[in-house]
Amino acid sequence: MEIQRVVRDLVTTKRHVLLGSKSLRLVEDNKGDLSVALDPVGCKPGDFVITIGISAARLAAGDPKTTTDLTIGGIIDEWSEADWRA
Amino acid sequence: MEIQRVVRDLVTTKRHVLLGSKSLRLVEDNKGDLSVALDPVGCKPGDFVITIGISAARLAAGDPKTTTDLTIGGIIDEWSEADWRA
Amino acid sequence: MEIQRVVRDLVTTKRHVLLGSKSLRLVEDNKGDLSVALDPVGCKPGDFVITIGISAARLAAGDPKTTTDLTIGGIIDEWSEADWRA
Amino acid sequence: MEIQRVVRDLVTTKRHVLLGSKSLRLVEDNKGDLSVALDPVGCKPGDFVITIGISAARLAAGDPKTTTDLTIGGIIDEWSEADWRA
Amino acid sequence: MEIQRVVRDLVTTKRHVLLGSKSLRLVEDNKGDLSVALDPVGCKPGDFVITIGISAARLAAGDPKTTTDLTIGGIIDEWSEADWRA
């Protein structure tokens, strides 16, 4: 799993049906590279989260038919930008 | 999932049968690196899209026997080159 | 598999249910890049470990429904920073 | 999928049985990095091809028990070095 | 698949049970980056090998329950450092 920070929501009106109506979040890693993650946890911008990839991402979505390769798995209790870049 | 931009169609007459006759698009990331994605959504050049990898790519193709490792999952509503590179 | 070093525990109170109550460890590679791994072995900070990714990470968690993409698979008997960076 | 160029055949007499007797090709990407791909299509050196990774590589081999993580999925109709590096 | 060179054995007394008692080898790529691969073939240090990743790594281990994400699939017949870096 990787540590990423939620940047903001991402809206895609025209979307594959198996992504459902679940929330997509724009997330960034410690180099500022952007990815898109499914959010079954309920995060807000600025949260540092654990993201889950590979086939586990589908399981973490709650329904393994969900077509995600990156899903937020938890919010880290204590983390700051300093921890990230140290 | 990653954010990529559709460059153009990619034609492969001699192709594996399980890719079917679905459309393949040449896509690029924010560094200009090229990949090839299956397009079940119907995109046009210049669209910013969400691409789905890993085993979820096969599910997103509509038929999990489809031999794709990258499938377009949706068109992003509001995105410009500035968002991408910021 | 990759060789990584355990940095410390990582606490996530708000967490996906399928990660269970298993221990998560912050691990680093030889470039200092951080990841998060599930630990079914029982490691302590400073241990050099083998981490298992891809679908094998779920099997290595003991229960393939566990939503992990990186799991510690063993502690290396003889390894030092010198081996790592050589 | 990625766009790669076939360099030449690769011979491995001592080989895992589940790779069968299928042809292996040395392929390179646009940076000259080398990989090895299974070739069920029948390519010749210099062909620009689409390579399929992840679990789809096994399906593209014709038999999902084939132990490949990279399989050639098609030959691109019109592609030159200029397209690749542009 | 990737081309890697066997560096030496890697001993892990405290190890996940599903890795069994199979041999683990330290392998390096052409940049000197190290990984750990399961070896069902029987390699010796200095051999240039093909390594298989993703879910195919588990199949190549002989038992798909084996918790490996990288397995040696064959020894390359003719390969030298010059081929690798060219």
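Order of writing sets the labels: A, B, C, D and E. Residues in every chain begin at 1.
Methods note: contacts are C-beta pairs under 8 Å (C-beta built on N, C-alpha and C of every residue); 3 or more make two chains touch, one makes a residue touch a chain.
Owing to the predicted nature of the structure, the values given are computational and were not obtained by experimental measurement.
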Copy-to-copy rotation for chain C and chain D - C-alpha atoms, rounded to a multiple of 5°: 145
Chain centre separation in whole Å, for chain E relative to chain C (CA means): 20
Between chain C and chain B, distance of the C-alpha-averaged centres to the nearest whole Å: 32
Residues of chain C whose C-beta touches two or more other chains: 53-55, 57
Chain contact graph, described as a line, ring, star, complete graph or other shape: ring
Ring order of chains, beginning at chain B and proceeding to chain D: B, D, E, C, A
In the complex with chain C, residue positions of chain A that touch it: 1-3, 30, 40-41, 50, 52-57, 59-60, 71, 73-78, 84
Touch list for chain C against partner chain A, complex: 10-16, 18-19, 24, 34-37, 53-55, 57-58, 65-70
